[in-house]
Structures are given as structure tokens and as C-alpha cells.
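Right, one structure below, let's go through it.
The letters A, B, C and D name the chains in turn, as written, and every chain counts its residues from 1.
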Amino acid sequence: MFAKRTDLALEARELWQESAGKTTRLTGVKAVKRKQEGYPVTRVDILDRRGEEALGKPRGSYLTVDLTTFWQRKSDFFQRAVRAVGTPLKELLPTEGPVLVVGLGNRAMTPDAVGPLTADHVLVTRHLISAMPRQFSGFRPVSVLRSGVLGTTGVESAEAVRGLASEVKPACVIAVDALASRRVGRVCAAVQLSDTGIIPGSGVGNHRHPLNAETLGVPVIAIGVPTVVDSATLAADLLEETGVTDYDEEKLRASRQNLMVTPRDIDQQVRDLGKVIGYGINWALQDLDIDEMNALLS
Amino acid sequence: MFAKRTDLALEARELWQESAGKTTRLTGVKAVKRKQEGYPVTRVDILDRRGEEALGKPRGSYLTVDLTTFWQRKSDFFQRAVRAVGTPLKELLPTEGPVLVVGLGNRAMTPDAVGPLTADHVLVTRHLISAMPRQFSGFRPVSVLRSGVLGTTGVESAEAVRGLASEVKPACVIAVDALASRRVGRVCAAVQLSDTGIIPGSGVGNHRHPLNAETLGVPVIAIGVPTVVDSATLAADLLEETGVTDYDEEKLRASRQNLMVTPRDIDQQVRDLGKVIGYGINWALQDLDIDEMNALLS
Amino acid sequence: MFAKRTDLALEARELWQESAGKTTRLTGVKAVKRKQEGYPVTRVDILDRRGEEALGKPRGSYLTVDLTTFWQRKSDFFQRAVRAVGTPLKELLPTEGPVLVVGLGNRAMTPDAVGPLTADHVLVTRHLISAMPRQFSGFRPVSVLRSGVLGTTGVESAEAVRGLASEVKPACVIAVDALASRRVGRVCAAVQLSDTGIIPGSGVGNHRHPLNAETLGVPVIAIGVPTVVDSATLAADLLEETGVTDYDEEKLRASRQNLMVTPRDIDQQVRDLGKVIGYGINWALQDLDIDEMNALLS
Amino acid sequence: MFAKRTDLALEARELWQESAGKTTRLTGVKAVKRKQEGYPVTRVDILDRRGEEALGKPRGSYLTVDLTTFWQRKSDFFQRAVRAVGTPLKELLPTEGPVLVVGLGNRAMTPDAVGPLTADHVLVTRHLISAMPRQFSGFRPVSVLRSGVLGTTGVESAEAVRGLASEVKPACVIAVDALASRRVGRVCAAVQLSDTGIIPGSGVGNHRHPLNAETLGVPVIAIGVPTVVDSATLAADLLEETGVTDYDEEKLRASRQNLMVTPRDIDQQVRDLGKVIGYGINWALQDLDIDEMNALLS
């Protein structure tokens, strides 16, 4: 077994438990499971220094919605998913003040496009509230940044967000990005929401400057979806299932860094997830039902 | 004759002369014609208060490159156009320091897309210089902003530029946008460069907050291309040519505000112009020939 | 007054009446007005040789739906428009047998994109019926051709349709294209349905080989939307309104052939119209309501 | 070791040798290696029934160009690659007569987009030759079909090609598609050309009706690029490298059918390969150098 990298607190906890053994107890971390609109939600709270060290993640709350059954497209699956994402988001958000939603990642690279695709479904209201106060005074001010890609802007996402935030002065930033998972089964099937910020490009791109309360001066809620696993993770997963244990993990980890593993219909899946998360953000921020969102966003 | 709106200093001068009569002399404005790579260039300098009032534009230099013959696609038309745009730009630019290029306008609306299309051809170097100083130390640092559309961002272009400029700290901003012309013949055939800044959305969108040295704290070089005329301008142009003079200009001006007049192949033309201007910017900023740009931008 | 070109039978009839004088009676043509879902519908039937000569169009039925009020976006405007387009279509269609829907025009050129955009909203069923007969046996077999542009295929649309029809063997072809109008007010506001076939590219492109029962061997229902007027039409319209009558019509007609006049928000309008027509086709062909179409097409 | 599926004759031969043992000799198959413009080319000829059975592929010639070093972007890599693809293509093509180029696959799904992307770079001449015989009589007539996806057309690619071929009457069809490989190292690094036709969708889609001389009545030259490997292939590859041999191959093969493995920068790679193959086709068909292609295709 090797220390697979993961962006999900849920998985970091599983990994810790695997390596520590079943009987050891993890301290400094609290985990609770529940159901939200039929979708399982796991809340992991990292409470103190020991928890941070055990899971390799900063103190805070991490809620993961399991959307595996979304793809079975059963009754009301979309509406339920919107609320299943929107409700935990509401728990993490400040109750009032303007919000800046940031779609991180590269629209031209499918597994990295979930941020920009989400941005397209967010109801943008900031300019309407000042232009038509009578009709829009009931809305929470929302602006959107598609931060683009370093290669075509020359600017780090963190710089772009900080610059815009200095103008828009949001009470809170919501940053949406693709993540990496260690479990093939969680690809395009889990949405993690946390109040600890994000390092853009964890999933597909390179590690870059963090977006968090320290660097931006306001709370940063991160929403992430694993859209790829690396090839070593896939191989290790497959080996475990087939009962092989005596492989050279270092060699496996080193090879094929330039490959990624995605679902065959990744294009459709990231499009659907972008809509679920965008609508989930609207659901958490505005007093609207889904039909009203459809009408306003068409 | 009615006071047609124009973004081109060249045309404002023509209009002043038409309404003042041929024998009256315009003071406070200097105009010089020359050829650049076979393309006519007119430089209009507004020198003082009287010039500003006569032309309705702020003091400064306005260079207009006439690319009419570009569309005949004669020998080296593209390379010559790049240098014909790049050379006047060099005259207006500070000789050193980082540059922020802003592509204004709406990529999804063809006649408004010249800004974003230009941005796609600008050589972005800021991040390369810090990441690979040995190879890229000879380049001038360039970053790019595609400011997007108010309806999908909630943020005025001027706010977005100011925010990013506070991070990037450019010595100069180059802002590219679609303009309005009063002459059908100048649509997609003139490029105006000026050192006086720009009001985004003059051509196709609505009037918005200005981008200039006063609002940004650094010089703003504007590059604009007329891509539409309004229907009243077209009708007045056609009437003049057919010898009609006794029409009700107020009525003409009032009608059909929601229509625009563009070339039939506007899609191809804005794509070509975006490439000419993008390469012209590279030509003015970097020590590269066009083959080298092709290699770096492919 | 000059003989403005029009693709709409409705307008050809108006023009005939204008030039013939109010008291002369048009024979060989029958015209009836009605309302469909709140939208006015005019049915013009060209009955014989005299009617053909008077209107310059082949014998057959031409139904024009006036969607002017669609853009006011009042209650149920979309659903009503779908049925207002779908009901006349049903009148023209054979009651059973497979259908081939052809989206004519150039997706990359906004005012010419209404055909391909419509195609994207047509429920494609032919392959489903053979693959999953149990679930889809209730559907009418529909296939779709996006015929593309001569410059990028080397093939006339009529050839492409004839070739595919020889494989698919439809009972009927529905061909959707952009048209030209002589009235600015009808641009993006009228949908004409006829059982007489179509000459692709009438609106924006060049005249090409016809698609009709004679060339294809099966009935061709044409659905057309005017998306542009030419600049001479605009100028003539404006002049009439301002009371000018003494202009040189030949000169006006000759000039500015390379310009087109479109609504400022043509991008949004052709997108909306493509959806209305696509759903209208589904409404005429399949036993589905609009919510069911949404579910199947998402 | 398990019988991994491969579309490459080259690999089928390797697999046969692996399973038969090093000392057994393969009859009915001839293989020759050479260099073309610095890129290795392997020609495999399947000569008779025994060869067909051994490799599981029809009799004919299979030339594979190894573009691995293309990605190092050394001197003239693009021009050399165009000629390295174009020269073997010339060997397989009939020397004269019209050609129909078919871009198979789904433009919206990155690893399946190599066919449509190639089509965008093919010089389309059929319509020009008849419209401007004086200027274009020296060109070979070329038309292009982008056959689209069953789900959005309702029509099998083979039906669409057969229908269009009945109109265009080509002397030869060139069909371009994504393939599957059994070697991770060949993904986006090998181009196979063969004179035996193709089964569309082998790489990413499902198996469908074949395109070959039997079904179309004219020779079908297939050009294929592996753009994905399946996850079982990846895992098996990795295991071999790490020295594991005792795994349950059936289990490995059965799992994760819905995943695919691609390069991280697949978007860029298929774009580049589409251009190389499109220009290679032009190089084989027309008497043009690459600068002339650039000028005609811009």
C-alpha cells in the first residue's frame, strides 16, 4: 500500500485508518454521516493540530456529497442533487454579504473544465441589483470570475482572484475546481465542500498559490469534484481487487506521470456536474426554486 | 446632415469640417498623413482645449491605419499589416516595463469579439520570465485579461482591469475593443490607436466606465476597430450617394435602434483582424519576427 | 418602389398588391389569417399557374407564423411558440413514415446558423427504434443531417441530402434554413412553413440547387426564418417611413451588396428560434409534451 | 499475459510473437522497417489466409509511422511529420480520380475528435474545380464528410459515407479515426495507414458497420491514431514493468470498462495530430508545399 495523494478529507481519513490499522483511534478528527435528499453526505471536521497532521489538511469542515446514484437518473435526481449540494454549502456560507464565485481550471481541457462550466450556471446579480434595485433588491449580490489558465493569461489564479476581490469586496469567495481522488469510484461521483480554501489546479494542473482566508482576507469556501485519477492509483486499485500485493509501489508511482484516467463520457459528466454545482450555489445563495433558475438563466 | 456618432478622431475631424464649411480652419488639431508598409496612416493630434471641444475627444494622439487593401490579399498583406499596426503602437508605448493587454467585448457576439480574438494571439510571457529566466529574460513581461461581459460576470470591465492591474502592476495597459464608425467603408477596414484610453463597449455594447490614465494610474493605449455601423448611418450614407438631401434626420436617427449593419463575412473578418492586431502587439513589444511568433503561438 | 427580393409568400403577395394597385384582384392565390396559440398565422395557397406567376413561387401552401410578440417573453411564450410552429407543420406532413430533418446553413456565421441550431434540438430516434424497439416503438423514426457549407465539404447541400436520403429512405424531408425578408420587422419574427421545398442559401448564402419533391423523390417541407435584410431593403424601408420617394432605386440596389442588416442580439435570437423550431418539429412528429422533450434532449 | 485488443497490425504481430514464443516463425506476414523523414515506419503486409488468422486482420498493407519524437519539437518536426504521413499514403492511393475524405468520430469528445479535426485541415477542391476550372484544373477533386455521431444523426457512419459516395462517386475514400492501442507508449505517437478499410469507432466508440471496398465499392484507405488505452491495458503494462505476473487476467479485463486512459494534454495532442494528418493528406493528393497549404487554408 502506498501513500496515495488525495484532495478529499474523507479519503485522507480512510488512508490514515488503513495505515494505522483498524484498532487505532484517530484523534482530532470528527466524522459524521447523514443522508441529504437521498444522497449520502459525510462531514469530516478537523479539530486541532493532531487532526491536521494525521490527514495532511488544514483545520476546518469538509462535507462530501456522494452523487454515485445521480448517474442512474432516477426520479428527481437533478433537483435532489442541487439541494444535496446546496444545503451543505449553506452551512458553510456567511449568512449575508456579496459573494464572488470563482470557476478555476481550463475550459479547453475536459476534466479540468468543471469550474468554468459551473460558472456558466451561476446567477450573476451584482450588476442587476444596482441597475434595477426595485426588481432585484431581494437578491444576494453575486459576481463571477473565470480565472483562466496561466499559459493564456500570465497571471496566477490567486492573483486574479485577489485583484478582483479588491474591487468587488465580497464577504466570501466560493472557488470551484477539479480535484484528484484515490478511488476510481469517486471520479465524477463525489462533491467536496470545505471552508478551508483551495490550492487551484490540484486535480489536473500543477500545484499553485493557495486561495484561502489568509491570502484573500475573506472566507474561501472550496467546492471540488474529482474528475481524474492518476494511472498509478488506477493500477493499485485494480491490483488490490485482483489480490496482488507484492508489487513495487515506488516504480508504479513513478511511471506514466503524463497519463490520466477518466470516465469515457467525461464530457457529458463534467457538463452535468457543472450544472448541479452552479444550481446548488444559486440554491444556497438566492431564494429561488429550480424552475425560477431555469427561467432566469435561459 | 446630422451629427453622427463616431469613435474615430479621423472621422470627428471630417465631420467638423463638413459642418463648419470648407474654408473654416480647425485650430487645436494637427493632422498628418503617411504610408506604413503600403497602408495609409493618418495621425490626428488633439493639442488643446479648442481641439477637444471641436472633436469631442480628449487631448492626445490618434493614429488610424487604413487596412482597406488588406482584403485584396496581395503580396505579404498579412506581414505588412502586422507591421503597419505595430509601428504606430510602438510610438505610443512606454519603452519598457510590464504590459497588461485587455481584450474587451463579447466573444459570443461576432462584431464585438475583436478584443477577445486579439487576446488569443498575444504572446503571454509574464509567467515564463519568472519560471524560466534564462530562456525568457529577453522578453518584455506581458499578461492578458479577457474581461468578459457584465451579464456573465457582474463586474464592469473597468473594475476588472483595475483589480488585475493592482496585482500585475503594469507600466502600461493596451485595451482592444470594437468601435462605431460613421462610414460604411471603414467597417473592418480601419484600426485606430490612441494614447487617451477607451470607454469599453462604444461600438456594440453600452457606454460604460472609462479606462484611462486617470482611472487606472498608468497610461492606457486603446486599439479599436469599427465592426458595425448603425442603420441610420447606413441609410444616410446611401442617401447622400443617391443624391437625396431632404429627409427628416431626426426620424431616421430614431428608428431601428435595435439593428446593426455588418459585412456579410464579419466572422472571417474579425478573426483576421484579431490576428493582425495580436501580432501587431507582439511586434511592438517583443523582438520577434512573424515566423517566430507563429512558432511560439501554435 | 422597387422589386425587392423576398423568400416569404406573404410578402410576395403584399408586393404584388402594392405594384398592382389596391383595387386589382389577385387570382390564383388564396390567403387566410388565423391565430395559433396567440400568434397570428397567415396561410397563402398558390393554386395555379397565374398565382405562380404573380408571386414568383411554385404552387403549394405557405404558412407564416408571426412570432413578433415572442420577444416580449410573456406567459408561456416558449411553449405557445412551439405549438404555433408545430401545428402548421403537422398540417403539411405526411401522417406516417420516417423523416429526415436537414439543418441547412453555416453554424459559424450567426445569421446563417438557424438550421444547424434547430438540428441540435431535434429528437433523433431512428437508431433507437432499431436498437431498443420495446422502449421506442411508439416513436416516429427521425434522422438528422447537418449538411455543412460548400467551402468546407466540396458538396452541394442538395447532393448531400439526396445521398443520405438514398440510404435512409424517408417518407418526407424537413429542411430548415435562414431566409431573406423585405421587411425589417419580420427579421427573426416570422417562421414560414411550406410544402414546396427550398433553395438552400436563399437568405445569406448564394442560390444553389433546389431541394424538392422533384429532385429528391419525396415531399420536402421547408421551414425558413428571415434573419437578415439587405442594406438596400433597409434604406428603402427607412426612406418610405421618412416620406422620401424620389430616390434612384437602381443605384440603391446596386450599392453595398456586401453588407447585411441584423438585430443587435442576433446571436441570442437565432439560438432561441432554433430551439422553438426544433421543439416544434418534435411536437409535430412525436407524441410528447415539452417537459418530456427537455428530459430526452438534456 | 492476456489477448489485448489492438487496432494496429504492428501490435497484433508483436502479440502473436509473444504468445507463440520467440523461436516460432510467423508465416503469411511480411514486415519491413524504414525511416521516413527521420520517423521510423513499419510496413506489415498480410499476404494470405494464414496471416489473416494469425493477426486477426484482413489481408492488405499496414504502414505505421512512429511520431514519438514529434513531441520533442525538434527542427522541422511538423514539416517532416507531414511528409512522413503523406508518403506512405501516396503508396496506398490510386494515382488519380476524385477522393472523399471522411472524418469519423465525435468532435465533442476529445480523444475521439482526431477525425473531425483532420477534416478541418483538408484542402477541399471539388467545388472549386467546377466553379473555377482555369485556376483549379491542376488540383485533384477532394470532398469531405464529417459523419457525426449516431446519437445526434440517427445514421451509421457507414450509411452516411455510402450515401454521399453515391453522389460524389470518388475513386477512393480516405477514412480517419481514433484507434485503440495495447501499448501506452503508442498513444498519440503512432499513425497507421492501411488499404483494408476501417470499422468506425474502434478506439473510443462502439464497434459498427465496416467501411471497406466491399461495402462501398471503392478502395478505402484508413488512417488511424491510437488516442486511448483501456484501463486493463494500462494496468497490465504497469504490472509487467514492475515484474508482477501472477494476476487474474479475466478479472482485470472485466473491471472498469467505463474508464479510459489518455495523455494529460490530449486536447493539444489531437489538435496537432489532426493538422499533421490533414496536411499529410494534402501532401499526398495535391502538388503543394506546406507554405502553399497554409495560404490556402487560412
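Keep in mind that, in the parts below, contacts are C-beta pairs under 8 Å (C-beta built on N, C-alpha and C of every residue); 3 or more make two chains touch, one makes a residue touch a chain.
Values in this document were obtained by computation on a predicted structure and should not be read as measured data.
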Interface check for copies subunit A and subunit B. Shared numbers divided by all numbers used: above half gives same, below half gives different; which is it? same
The C-alpha superposition of subunit C onto subunit D, two copies of one sequence, needs a rotation in degrees (nearest 5) of 180
Using mean C-alpha positions as chain centres, tell me how far subunit A is from subunit B in Å, no decimals. 40
Report the inter-chain centroid distance for subunit A and subunit C in whole angstrom, where each centroid is the mean of the CA atoms. 45
Residues of subunit D that touch at least two other chains are none
Can you list the subunit A residues touching subunit B in their complex? 120, 124-128, 141-146, 148, 150-156, 159-160, 162-168
Subunit D residues touching subunit A in their complex are 108-110, 184, 187, 204, 231-232, 234-235, 238-239, 241-244, 246-248, 251-252, 255-256, 258-265, 267
